[in-house]
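Each of the next two complexes has chain A plus one more chain, namely chain B in the first and chain C in the second.
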Partner chain A sequence: MRRTIWRSIAAASALSALVGVLDAARRPRYGGELRVEMRATLKTLDPAEFPEDPAALAAQRLWQPAVFETLVRLDDHGQPQPWLATSWTHDLARKSWIFTPRKDVKFQDGSSWSPAGGAISFPDDRPIDQILRELAGARNAITMRAADGTLLGTGPYRIAKWDAGKPATLVANDQYWGGRPYLDSITIQMGRSLADQANDFQVNKADVVEIALRDLRSAKQRGTVTSETPPMETLALLFENGRVPPNVRAALALSIDRAAIHNVLLQRQGEISGALLPRWLSGYAFLFPAERDVAKAKQLASAAAALSFAYDRDDPMLRPIGERIALNALEAGITLRAGNGTADVRLVRLPITAGDPWLALLDLASLLKRAPPATTADAYEAEKAMLDASGAIPLFQLPQGWTLRSRVHNWPRFEDIWLDPGAAP
Partner chain B sequence: MTFRTKLLFISSFTVAGAVALVTGAVSISTRRALERIDTTRREALLSQFRAELDAQSAEIARRMDLAARSPGVQQIAAGEAEYDRAESEAAAASLDFLDVIQPDLTIISSAHWPARFGYKNDWQISPDDWHSSDVFLTRIPTQDGSAPALVSVRPVAGGKALVVGGRKLSPEVLKSLGIAPGMRALLWVPPGEVIDAQGRGNDPHKLDTLVQQVRARNAPATGVVQWTADRASAEGFAAFPIMRAGGLAGVLLAGTSLQEQMALERSILWTGVVVAGSGIVIGFLLGWWTTERITKPVERLAEGARAVAGGDLDTRVDVISLDEIGELARAFNRMTEQLLEQRERAIQAERVAAWRELARRLAHELKNPLFPLQITIENLQRARGSADFDEVFDESTSTLLAELGNLKTIIGRFSDFAKMPTPQFETVDVNDVVRSVMKLYDARFQANGRPKIEPVLELAGNGARVSADPEQLRRAFGNLVLNAMDAMPEGGTLRVRTAPHGSGVRIEISDSGQGLTEEECARLFTPYYTTTQHGTGLGLAIVQSVVSDHQGKISVVSRPGQGATFVIDLPGGRA
Partner chain C sequence: MMRDVGRGICLFFLCMAANAQTLDDAVSALAKKISSRLAPAEIARLTTRNLSSLPAADAAKIQPALTRALQRRVRDAKTVDIAVTISENLRGYLLVAEIKREGDVSIEMAEFRAGAPAAAAARPAASVEGRLVWEQEAPMLDLALSGDQMLVLDTAGVWLYSRNAGKWERSAQAPISTNVRDPRGRLQVSGDIVSIDVPGITCKGPANLSSSIHCEEGGRFTAGRNTLSSDGREFFTTADIGGDTLVAELDGRTHIYDAAHTAQGVFDVWGSDFVGVSACGARLVLAATDNDRRSPDSVALYDFSNRATVRVSDPVEFAGPVTALWPAGDGALAVVRNLKSGKYAAYNLALDCSR
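The block that comes next holds the complex of A and B.
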C-alpha cells in the first residue's frame, strides 16, 4: 500500500515536472536572430512610398507594422482597435474627433512621440468607422525623419540596414512602448527564388521561407511546420493596353477552366473567384461570376486576333497557370502568344494589403492605375466599378504560405515572434 | 571591205571562236564532273542519314522501354502522381516528349506541355500507331505549335494507360552526318517544316516545288533553288523520300551550294574571255603582219596594173619574195616589159605604115598632075617647029600652070596639116560658129547643076557657150560639112544639132548619105585615110586634132545606107 502511495507520489511528481518543462518550453524567450527569405525585392519600407510591383507592395504591407505603427489597427475580424491612439471621442461641438495618444511612446531614436496639444483631431466629416479604417491604413503610419535623414517609426523594430539588393536587417527597439520584442534582430534576404529559399531552408540558412501553394499540402503531410494566411492575394489577368476589345476580354474570362487549375495546379489551395477581394474580406465575392462557358467564349471570340500574353516565367505558380490559360483560350479560339515586356494580357498576383475592403481596394486601385473608389460607395459597387473600368479578370484568391523552422513561434506577428532555442533545427 | 580587213576578221574570229569552243567544252565537262561528285556525295549522305535514323530509333525504343517500366510512370498511370510528374520521368529517360494518357487518349500528364492534362491527345496519326512499338516520325503538338519527333508508344499498367514518348528531331541529327564541305542536309517534315542543321534561315517555301515532286511520286527528285536575287545563292538539291508504313514521313534534302561551281564556271568563262580577247588582239596583230606581207605585194601589183591601164608601161612591181605572189609579180613585170616592147614595135610599124601611106598618097596625088605635065611637055617637044607650035605652046603652058597650081594646092594642104596652130581660147557661142559655117556653104548647098542639100539647124535655145578657138572650130565644122556634102553626091539632108552636155556642149552633124562600114568608122580618123577618090585623108584628122586640142571628144555613129553622124563633145569653161 505504502509502495503504492509512494509510487503515486513519484508519478505525480514526474508528471508535475514534465508539465513544468513543457510549460517552460512554451514560454517566450528573448534573443536570437530570425532569418527570413522572400521572392520580392523591396527598396524601402517608407509608408509614403507605393511600390508598383505587386510582390513588393505585398512585402511592404507585411513588414511595415514591424517598424511603423498607426493610430488604430484592424484586428483579425477586421474591426478597428486602439493602438497608438488609446481612445477617441467627440469634441464638445461635435465637429471633430479627438484621439488620445498612447503615453510613453517613443520613436526608435529614443525621442518621445508627443502630438501637439496632447491630442490628435480629425474633422467629423465621415462616419467614425470610415475614419478609423482609414487611419488603420499603412500610409497613415506615424513616422519621423531624423536629422541624418533616417525614417523612424514607433514599431517594435528599427531599420538597421536596408540597402537595395542586399540583405536587410531589423533590430529590436528596446524602448518599444509594448515592451522589447523577443527577437534581437531579423535578417531579410530579398529576391530569392522559391527553389533557392527551399535549398536555404534545407541547409538551415533560413528560418522562414515562402512555399509554393501546390507544395503546402505535401509539406504539411511531411510534418513540416507551415504557416498560411487567409487568401491574401488575387490572381488576375490584366489588360495593359486598350487593344483588346471587350468581347474578347469577356470570351477570355469565359474560356478559363478555373476548376481544373484549382484542383490540379493549385492543389485546391485558395478559392476560385471572379472578384478582386476574397470572400472572407468582402463577403460578396460570390456575386462575381467565375463559371466556364467555352461555347459562348467561341461565339464572342470569333475571328479574334492573337494576343501577346506575359507572366513571370520564373514564378513556379504563375507559369503552369499561364500555360493552362493559354491552352484554355486556344480552345475558345483565342491565341495567346507568350511574350515579355508590355503585353496585351498579363497574369499577375494582386496583393490584398489590408483587412478592410475599402483600404484593400484603395491599394488595388493604385496598382491597377485607376481612380480611388468613392468613399460614399459601398465596397461591392466600388469593386464592380473598378472591374468594369479596368477589364481585369480575377481568377483565384490565394493564401500566402511559409515554411517555418520549428523554433519559430508566433509568425507573422512581429512584436510577438520568439525563437525556441531548444527546438530541433 | 578590203582583202586585208577580211583577212583580219577571219583570223580574229577564228581565234575567238576556237577559244569559245574550248571554254564551253571545259565548262561542260567541269559541270558534269562536279555533278557526278555531287551525286556520289548525296547518295552517301542518304545512307548515313538512314543509318543515323535507325540508330536513333533503336535508342528511343530502348529508352521508352525503360520509361514504361519506371515506377514514376506507373504512378502517373495509377493517378497517384502530380500532373507534371511526366517532366521528371522524361528527364530521367532523356526523352524530349513524354505523355501518359488514358486509353481514351485523355492526357494524364505531359512532360513537354504540362498544362495539357485533361485534354485529348489529338495527334494526327493512324490508330495502328497506338498499338505499335515501332519508332516513327511524326509531329508532336507543343506550346509553340508542333515539333517533328521520333516517337514510340508503350502500354503501361497492363494496358490501363499508354505512354507516348520520343525525341525531337533536331538539327543535331543532321549535324552528326559527315557532310562534305559545301553541302548541307535539310529535313522536310509535314506539313511544311524544314530542319536545317546549319540554321541558315532560308525561306522553306522555296523548297515546296521539289518536295511536291517527291510527294507526288514517292521517288527522289532533283532541282535548283535560288534563295535570293543573287545567282550565287543558288543551291542544287536532291530530295529523297523517307517512307513509313507506305506513307511519306519526310523528305531528306541534300543540298550543294552552286556558288563554287558557278565561281569555277565564271572563272573558266572569264579566262576564256581574256584568252579570246588576247587571241583577238594577237590574231589582229598577226593578221595585220600576215596581211601586210600578203596584201602589200598584191596592192603593189594592183597599183602597177592601174598604171599599166593608164598607159604607163614602164611600171615595175618591186617584189622580192619567192612565193606565189613573187612569181605573180615577176610575171607582171615580164608582161609589162613585153607590152612595152610590143607597143614600141607597133608604133614603129604604124609609123612605117603611115610613112608608106603618106608616100602612097603623095605618089598618088603627085602622079595625077605629073602625068599631064609629062604629056604637055612631050606635046611641046613634038610641036617644036610646027606651025601650030604657038597655039600648042599656049595651051601647053596653060596646062602646065594649071597642073603646077594643083601641085601647089596639094603641097599646101599637107603643109597646113603639119602646121596646126595652138588654139587661142575665148568664150565662144557654138551656135554662132555653126551658123557662120552653114552660111559660108549655103550657096554650095543651093548651087545649080548639083543635087540640092537641105540644111537643118537644131540649135540649143539658151546658147551654147564654151571656151574655144572660134577659127579652129569653124575649120573643124567646115571640114565635117564638106565631108557630109561629099557623102551625099546625090543630095540629101544635112542636120546640125547643138545641145548642152554636162557643163559643155554636144554638137552633132548628120548626113543622109550612104553611111560607113564598121571598118571605115574605125579607121576614119587615121591621117591620110579617105573613102573618096579625090580626098587627102587629112580633113577628119584635122577635125580630130582640133577637138583633141580643145580637150573634147569626137566619135562617129553610122550604119551602111543610113547616113552618118559625127558627135563632138566640148567641155565647159576652161580654168
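The block that comes next holds the complex of A and C.
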C-alpha cells in the first residue's frame, strides 16, 4: 500500500513545503471535500493571534498558509524565496529595502492586494537575510479586515466557517494567483481525541486523522496509508513557578533515563535530545547533553524538597513517560508528586513551527514566556540562552503522524491536495 | 526602477550564494574562527567525527585541511583540544568545533553545501530516443518546431524563436496567460496558422506572430481545470489505437472504448499522459510512467494488441516528472520539469524500429 514519507521540511509554515513521495501518479483531479480531524482546538487562524496552547499553535502554523501568505517563503532548504513579493532592492539612499509586490494578487473577497505606492519598504537596519527570514514568519502574513469584520488573506482557501468548538470549513479561492486549488473544500473537526479520530476514520467519516506515535509502526505494517514528518515536536520538562533551584533542575535533567524511555515507551521513534530544536533543523543538537548520570544527580539533589509534577494524564504518550520520569527522579532522590493546575514541573509537547531555527525559536520563546531571540543572534547562542533562562529540560524530538485515506494525495500541501476517486476507500 | 529590481534580485542570489559555501570555504572559515579563539601560545589538537551523510572520502579531507590551516610554530605551546563534528541540517552541512579548555567549551560553526552529484543523463532506450530541444524557467506547455523557427507555449503566452547562427533568439510574442494549477496547453501549427488552446481559451493567428492572435472563450481545455472537454465529458488524454479509443479519465485509470463508443475495459498501468503513434507497422502508444508528479518519470513505447499493454521498448528516463506529452511528427514531444534545476525541458521523442 502507499506510504508517504516526508523527506524535507521548510517553508513559511514548516509543514507547507514538504516533499512527499506518493506512488499515485496521475494528473490531479479537481473537486471534492477533504475531511480532517485533530486534537487541538484552534479559536482563530488570525496570524496576529498567538495561541498559548502548544497544540493549538502547532495547528495554527499548519493551517495558516492555506489562507494567509507572506511576502517570502522558505523553500525545502530553509532559504527564503519570493512569494507575495517578487523581488527586493535597496532604495537609492540605501536606507530601506523595497519589496515589489506580485501582480494580480487578490484577497479572498476579490479585492486587489495593492500596497500603497506600489511597493513595500523596510528599514535597512539589518542584513537582508535576517529581514527575509522574519518576513517568512507566519506572524507577518498579509491580511485585510473586510467591512463586516471578516479577516481575509490571499491564500488558496478562504475561511467559510471558523467558530470555536465547531467544525471549520475552508473553501477553494477561485481567484488564487497560483491557480485554484484542486479541492473544493476542507472540513476540520477540532478537539477530537485520538480514539474518536481512529473511530471516525474506521467508519469513513474522516479522510485524514492524527495517529499516536506508538501506533504508527503497526499502522504501516497493516498497510494503512500514513504520513510522517521529521521530528516536529520537542517533549520537555518546564519549570513553571521559579521555585525549583538550579541544582535540582540540573539533577532532574541528569536523572532521566532517556534511552530506556526511547527504546521501550517510544519504540525508538524520534530522537533523544537535550536541545529544543531537532537536529535536522539546527545541525548542532548534539551540543546539548542528554546523558544520564544518577550519581551526579544524587549529589546535586541532596535534600531537595518534593516537587509537584503535572502532565496531561489523558495523553496516551505523556502519561507513561511522566510515570517513568517520576521513577527516575526518585532514584536520584527527587520526589515528583502528581499535581494538577500550576505545578513546579510540567511535561509538555512543544511544537517546532518553522523550517528556520530562528523562527522556530521565536515561537518557542513565546510559549516559554521568554524574551524573543535577538534578530542578530546566531541560532545556537539564541537556543542556549533560552535554555539557560528557562531551565527547560528537552528530552526527545518526535515526528508527527497522520493516517490518510488512500485517495488523499499531497497531504499536507494544501493547495496541491487532491482526491483520487479511483483509489480504494 | 527596472534596474533597481534587477539589482535586488542579484543581491538576493548573492546572499544565497554566500550561505552556500563549499567544503574548502567552510574549512577555511572555521580555521579562521578557531584561530581567533586561540591564544598566541596555544596550538590545536584536532579530532573529527562525522554525524552527517557526507561521504567518508570527503569527510576524511577535513581533519588534514583544518590541521594545515591551524598549524603554527610556538615555543612551549599549550595544547587545546578541539573536537570537530561534521553535522547537517536543512540547509546543508555544518562543521561544529568544540574548543575545550578546563571546564569551558566554546563553539564555532561553518556551513557548506556538498557539490551536487551530476544529474543522471537521459539514456535513450533501444527504440525510443529522447533529444533535448529547448529548456526554460517558465512552465512550458507545448512546443512546435519548424525548420529555423520554434514556437513555445508557456503559462505567459506563445513565443516565437528564430535560429540565428545556431542560437535561438526570441523574435516575437503573444501574451495568453493561464492561471490554473497543473496548467496544460496545446500548440498546433497548420501551414501558416497556429492554433493555441489553454484552459477555457482558444486562439488562432499567424504562425510567425506577425499580427495579433485572436482569442475567444472555449476550446479543448476545460476552463480553470487541467482536463480536456468533449461532448460534455472531461478527461485527461485520449488516443485512437487499432480501432479502439483509449481515454485517461478522471478516476485515474485508462478506459478502453470500441468504435461504437462501448466500454471495453479499464486498466491502471499508465499515467494521465500518453500518445498514439503509428510506428514499426503498428499502432503503438508512448506513455509516461504512473509516477508521482514529484518523482522522475520515464516514457516507454507500448503495444496494445488484444487490449493488453505490452512494453516494447526500454524506457527513456528523465530527470523529473513529465508534465506534458503531445503527438509531434512520427513521435512525441515530452515536457519534463527537472527536479534539480526546476527548469522545464522539451524533448523530442523519436522512434527507431530497426533495433
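Here is the rule we go by: the second predicted complex is superposed on the first by the 400 of 425 C-alpha atoms of A that agree within 3 Å, B and C clash if a C-alpha of one lies under 4 Å from a C-alpha of the other, contacts with A are read in each partner's own complex, and residues count from 1 in each chain.
Note that in this section a residue touches a chain if its C-beta (ideal position, glycine included) is under 8 Å from a C-beta of that chain, and two chains touch if they have at least 3 such contacts.
These numbers were taken from a predicted model, which means no experiment stands behind them.
**Student:** What does the overlay on chain A give for chain B and chain C, a clash or a fit?
**Tutor:** fit
**Student:** Touch check for A:Ala160: first (chain B), second (chain C), both, or neither?
**Tutor:** Neither partner.
**Student:** Could you figure out whether chain B or chain C reaches more residues of chain A?
**Tutor:** C
**Student:** With the two structures laid over each other on chain A, which partner does A:Val264 touch: chain B (first), chain C (second), both, or neither?
**Tutor:** So A:Val264 only meets chain B here.
**Student:** Between chain B and chain C, whom does A:Glu323 touch in the aligned arrangement: first, second, both, or neither?
**Tutor:** Only chain B; A:Glu323 stays clear of chain C.
**Student:** Rounded to whole Å, what minimum CA distance do you find between chain B and chain C in the overlaid structures?
**Tutor:** Between chain B and chain C, the minimum C-alpha distance equals 29 Å.
**Student:** Considering only the defined contacts, which chain A positions touch chain C in the complex?
**Tutor:** Touching chain C: residues 8-10, 19-30, 76-79, 87-90, 92, 98, 100, 104, 127-129, 132, 174, 177-182, 279-284, 286-287, 355, 357, 378, 380, 415-416, 420-423 of chain A.
**Student:** Note which residues of chain A are touching chain B in the complex, please.
**Tutor:** Against chain B, chain A makes touches at 214, 260, 264-265, 320, 323-324, 326-327, 338.
**Student:** Would you tell me which residues of chain C are touching chain A in their complex?
**Tutor:** That would be residues 4-5, 7-9, 11-12, 15-16, 19, 51, 85, 87-94, 96, 98, 107, 109, 179-183, 224-227, 236, 248, 250-253, 268, 271-273, 289-295 of chain C.
**Student:** Mind pulling up the chain B residues that touch chain A in the complex?
**Tutor:** Residues of chain B touching chain A: 82-84, 113-119, 143.
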